[in-house]
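In the part that follows, the structures are each spelled out as structure tokens.
Next, two complexes with chain A in common: one pairs it with chain B, the other with chain C.
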Partner chain A sequence: MEAVIQRAKELLEQGEVKAVLGYAKGTGSARRPHFARQAGQLDKLVMDEACVQNLAVYVTKHEVKKLGKVAVVALPVTQRAILQLMAERQLRDGSLAILAVDDGAVKELDSASALEEHLALKAQVLNAKDKASLADLEAMDQGQRWAYWQKELSRCMKCYACRNTCPMCYCDHCTMDCNRPQWVPVASHGIGNLEYHMVRTMHLAGRCVECGDCGRACPVGIPVHLLTIGAEETVHELFGQRAGHKAKLDYALSTFKTDDKESFIR
Partner chain B sequence: MSRIGVFTCHCGENIGATVDCVKVAEMCKDIPGVVHSVEYKYMCSDPGQRQMQEAIKEHKLDGVVVAACSPRMHEPTFRRAAGDAGINPYMCEMANLREHCSWVHEKGEATTQKAADLIRVLVEKVKHNEPLHPIKVPVTRTAMVIGGGVGGIQVALDIANGGHKVVLVEKSPSIGGHMSQLSETFPTLDCSQCILTPRMVEAAQHPNITLMTYSEVEKVDGFIGNFKVTVRKKARKLDEHLCTGCGLCIQKCPNKKISDEFNEGLGTRTAIYVPFPQAVPNKPVIDTLNCTYYKTGKCKVCEKMCPTNAIRFDQEDELVTLDIGAIVLATGFKLMKTDAFPEYGYGKHKDIIDGMQFERLASASGPTSGVMKRPSDGRSPETVVFIACSGSRDRAKGVPYCSKICCMYTAKHAMLYKHKVHSGKAYVFYMDIRAAGKDYDEFVRRAIEEDEVKYIRGRVSKIYEEDGKLIVMGADTLMGGEPVVIKADMVVLATAVQSNDRSEELAQTLHVSYDSYGFFAEAHPKLRPVETNTAGIFLAGACQAPRDIPETVAQASGAAAKVVGLFSNEELTREPIVAVVNRQAAPVYSTCVGCFICQGACPYQAIEQEEIMARSGEVIMTLARINPGLCQGCGTCVATCRTKAIDLQGFSNEQLYAELMTL
Partner chain C sequence: MANTYNLSHESLKGLFGSLRRDGRRILAPVDAAGRVELGEVEAPSQVAADYLQTILSAKEVAFPKVERLLSYTIAPGRVDLKDAEPRALPTVLFGVRPCEAKAFGALDAVFNWDYRDKFFNARMEQLAVIGLSCTKADEACFCTSVGGGPADATGSDILLTPIEGGYLAEVCTEKGAAIRALAPDLFRPGNGVDKAAIAAKVQQAFDQPALTSQLPGMFENEVWADQALRCIGCGACAFVCPTCVCFDIQEEADPKKGERLRCWDSCGFHQFTLHASGHNPREVQGARWRQRVYHKFSYYPERYDMLGCVGCGKCTRACPVDMNLKEHLIEAAGVKA
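Let's turn to the complex of A and B:
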């Protein structure tokens, strides 16, 4: 962390960046995002096991963009999200200084191509817990799985915390807020909840960077991240494409390749 | 409140026998917004249409639902009629009571109910319809023809004679294509060069035609009437304006042993060459792969010889971008090579040749000046075996289709051989004789009856060499599969006609579809055989499927007629069923977030980027914008856009929602 703080200090003092986004201590053992706009605010930065949130969700916000160039302390999930956001033209290439922290080491990356190169070096592995949960779901038959999700989603109160914490759910006008026509009802009830989560899953299939923040954000503990991560894994299995790995948009659901496997289309 | 009229058609018995149309018309009167509902035996008939038009005026209708057959059948009819009666044509919709109801259900209460429901859905749609206006796009009246074979030449001449400019792009140094290599042509045996050369010259001299030989299409942007085509003019290493075609350079080039493509490897040429004496344009090119100067840095004999100083060793390829209104593809075919046949020795026997090589041997301008000499030792072959369907109709060779021209040219070859070697024996192995065409069967009969060519129905399983002879092992299936062994001096394989090299790449550049064999696909196999699925791009000749000359030329004239038809308008009108990305007042501007995922999904490259600028000139956002000239209204982008920023005009989200919700 010393190295990160040192470099961040230089960047701030030389005026290369207007703010540094990282993690600070929150209530209890939790960590919260921290924006340091002066060098003096940098010593609050921490980096430990408890830092899990995908900070990329903040960098697309108008308020943050308005600041100018920002340095981001970036875990691999944050790096992937930033790269995908650049591919989707939500972030300008070069608008961020990325302080990549993987396994203790720090590396400064300031372009999409540098990110792409950096990410290509490491295989993306799903954490053991999510992997096990997905396997459990996979082991169910279709009826059981349907019943499981209906039961889980019946608790959803449509607070949209899952959407708001998702770095890829950056749409200013989410389909859920579209009321002409009102495809998905506003109120929380069985069918509507199911519709919302199916829509979100499809919107993230091939775009989800697998941070799991949506599941963590849910106040009633619905593991909604298993929907999006599950869909992302399926896309990867079928088309070999993954979100957050390419500087140029490479989205399985809007492209085709002549050698795409089609064995699953029946 | 809408004033909608519903017109239910019996379609004779087609709908009337299954659906109770009188009851349907009655039921429709209760749909909110419907002020007039009637039924009639044949709505599409003249009195039917008139009835609708009168009702529009009398009841001041602002929308119409015709409940009849498929909109594919009669939507234009009824929209025109509605338009003539004074309402916007796009306020008229069709409910498909025939294909979607009466043809697929039994007569009964439920069927009648479904018919009424279908109408209710469409009434709901009409309520949400907006008047639409045809899109007008200007037309650049210059055509591009890609491929300068007999097909391409014909297209170019026909369009040019129609008074329009044509750019003819040919990848090889001369126009002419395969026909320029042929000796004589079936079914009349007239000399191929003699009938083709005048056409080539005419094309070169036509004031409306610009030839771009030794050139290839690199990139195509734009849309019907407004293409932008980038052509790569490969460096001839020569100033075409200075060169007079005197040929001194060719005579003096020391590098004379290069295998000659025009003679199918049966002759040689120099490093600076024109492919054949009648070439158009008659200007050489330097083959840089074989030229001594490019290999060793020394030579430049041609440069010294050239009286007009036309040689340019440092010339580079040139990229030219042209404005084009319509494109015709006429890139022809290629022949399967003899090395594709393990059973016939993988092409290693010099005396096993393909049909085009035979053409060169038989041609007066060929390497033997038309005298029959076999390639290995130059002796006159006494026995020649011709094998039709070599590779064609053979799934194992990946060519299940019939190459169509081989039966005819094999008969021609056997005949030409007999005319040249009177004492010789000619055998043809065949599967079936396919000689459908004017004077075609008579031509084959002549080979069999007058020229005594021996036809054997069966296949050849193996050929091997023994004592300077080729031992051909076949079977005669008309004699119960009896083995036939022929000791031949030369074997001619009528190898399969295949799509040209890199045709798939070209198809992708032009965004036209192709079949699994790489032949370009027509828009409809029967009714639109010269159009592609991409508006403004047409097809001629063997690039679409194996074709002989008469068919190629006929199709070429067909394609030219389409282009001239297109060019007879100053503007094109297009159906306004196109996608639109919404725009709203500042500061929202649009619900589009500018992710441009739709851009990659659009099969027609219709989606562009639009920068929304502040007064200061600063770019506030970059949004998607759909070019209405290019959009084909497929709706793919609508499905891809997460924020539902795109609507297909005439099929908007609100319309579809209203339709669904009424059920």
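Let's turn to the complex of A and C:
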């Protein structure tokens, strides 16, 4: 993992990038996102097992774009999110130096096609814990599942940490923030919480790269990633697509095909 | 002046009973599937055995995340308006930490500033706080840097400090005395324990008065934008914070009826200061992060002669990107203008 820090240093020192986005040691045993803009800030970069956050959440931010070209230390989840962002035309080829870190080796990528090729080499596997949780949910009948989510979501306080930490939630003006008209109740009461999470799930179905960051972000521990990952898995099952795998946008929920097998749409 | 007593574990059990017979509900930290949150309890055995702090703060007891202020119905030619009445239950908050107990003072400063808020006040009148001194702290804690301490009694009606066989009980206020009066025999004469020796050791991390006095001169300093670069502008820090008081007024209405609601809000949100014109005076996260720090460490002292932060560290623990407030304040205090 030393290699990625070494390469990041070179890029910054040679002026090829204006900043390096990676991980640093945080409070306690935590790791945190870290921006190094000067050589002196590079020493803080770490890369180990505890680095899990999807750093792609930063690359669409105005404040970050203003820095100039950024080198991103990219785990597979970050790579997938960046590829999906490129497919959705939120990022251009060459706008980032993507330092792909898989199994210790570092590979430098800078375009959607390079990412696509790189990601195709490796199957996307859902971690065992989430897989088991999804299976548990699947095993419930509809009434149980409804009760489960109602109970969990009643604890939501609408802090939007789950939305804001998600690399695929990049809209400047989120539906949740619209008040003319107000699509979803703003208040964090039963219906307000439920509608928010239903909208978030639908907006991520087929776009979620399954990083799990939304669930990790929730201060009160609601496993909201199971909603979006569950929807993503369903899209995969029904349409054979996975977010963050293709350079060309192929998005089930907004694609119309005249030979669609569903008749209601014609 | 506080009167100091000894309260054995057995006596505490008795006290819970007396409080319940007096018609009060008791809210205390309980273990909810690995998370410690406030919940209603009947006996001390239901209180979480080992916890540093709850994730959420106790502010919800007086300042809930959604408060109905009024409701109305609309009929041809008339509007009927109905004020909502606060649902204030006699409540004892047991086992909250000294930082959180103190934080009610910062909420009070705002809710009784130029307007006396009937909802907040009705709940506070019905609320008594039995605080519990900390015997351990973590990296996020910095109470001693903001005028508090792990055994500080400010804000507690009774402050308990764990000792052999039970607690040292300091009865600090009239509300505390009223609780003792429910079962005076349970409170035994105190034996002069040195609280400081029992309490957690929390090193002072920065010079707060110096920071407060230099803040007005460093508004344009780039340190704020630098620090905020990794902030993702959510509401986690504000919502778990025991002193964060910002709210938004929302209308939920259809053509026939409506309700006006007060909901938690956060200065970290982009929309918080967005004008109807589209202009946003705090356009970037750096400006919003700066506001958070200034409100607590500059505007609060200026306006209310107190700080808007009690150093509980909840914001740090809740932040999805580990924006450690203590660390950032140390850095800001070190900036030479």
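The criterion applied here is as follows: the second predicted complex is superposed on the first by the 255 of 266 C-alpha atoms of A that agree within 3 Å, B and C clash if a C-alpha of one lies under 4 Å from a C-alpha of the other, contacts with A are read in each partner's own complex, and residues count from 1 in each chain.
One rule holds in what follows: contacts are C-beta pairs under 8 Å (C-beta built on N, C-alpha and C of every residue); 3 or more make two chains touch, one makes a residue touch a chain.
Note that the structure is predicted; figures quoted are calculated from it, not measured.
Asks: For A:255, using the defined touch cut-off, is the partner it touches chain B, chain C, both, or neither? Pick first, second, both or neither.
Replies: first
Asks: In the overlay, answer first, second, both or neither for which of chain B and chain C A:175 touches.
Replies: Once the two structures are laid over each other on A, A:175 reaches chain B alone.
Asks: Have a look at where A:88 lands relative to chain B and chain C in the superposition and call it first, second, both or neither.
Replies: First partner only, chain B.
Asks: Report the partner of chain A that touches more of its residues: chain B or chain C.
Replies: C
Asks: Going by the contact rule set out at the top, does A:102 touch chain B (first), chain C (second), both, or neither?
Replies: neither
Asks: Is A:165 touching the first partner chain B, the second partner chain C, both, or neither of them?
Replies: In the superposition, A:165 contacts chain C only.
Asks: On the A-aligned overlay, A:221 touches which partner chain: chain B = first, chain C = second, or both, or neither?
Replies: second
Asks: On chain A, which stretch or stretches are contacted by chain B in one complex as well as by chain C in the other?
Replies: Dual-contact residues (chain A): none.
Asks: Within the complex, which stretch of chain B touches chain A?
Replies: 588, 591, 593-598, 600-601, 622, 640, 642-645, 653-654, 657-658
Asks: Across the complex, what residues on chain A touch chain B?
Replies: 88-90, 170-175, 178, 180-181, 183, 203, 249, 251, 253-255
Asks: Provide the residue numbers of chain C that touch chain A in the complex, in ascending order.
Replies: Interface residues on the chain C side: 33-35, 37, 55-56, 65-66, 138-140, 225, 228-230, 232-236, 238-240, 248, 250, 252, 261, 263-264, 266, 269-271, 284-286, 316-318, 320-322, 324, 327.
Asks: Which positions of chain A touch chain C when the two form their complex?
Replies: Touching chain C from chain A are residues 26-28, 30-35, 53, 57-58, 61-64, 157-161, 163-165, 177, 185-189, 192, 213, 216-217, 219-221.
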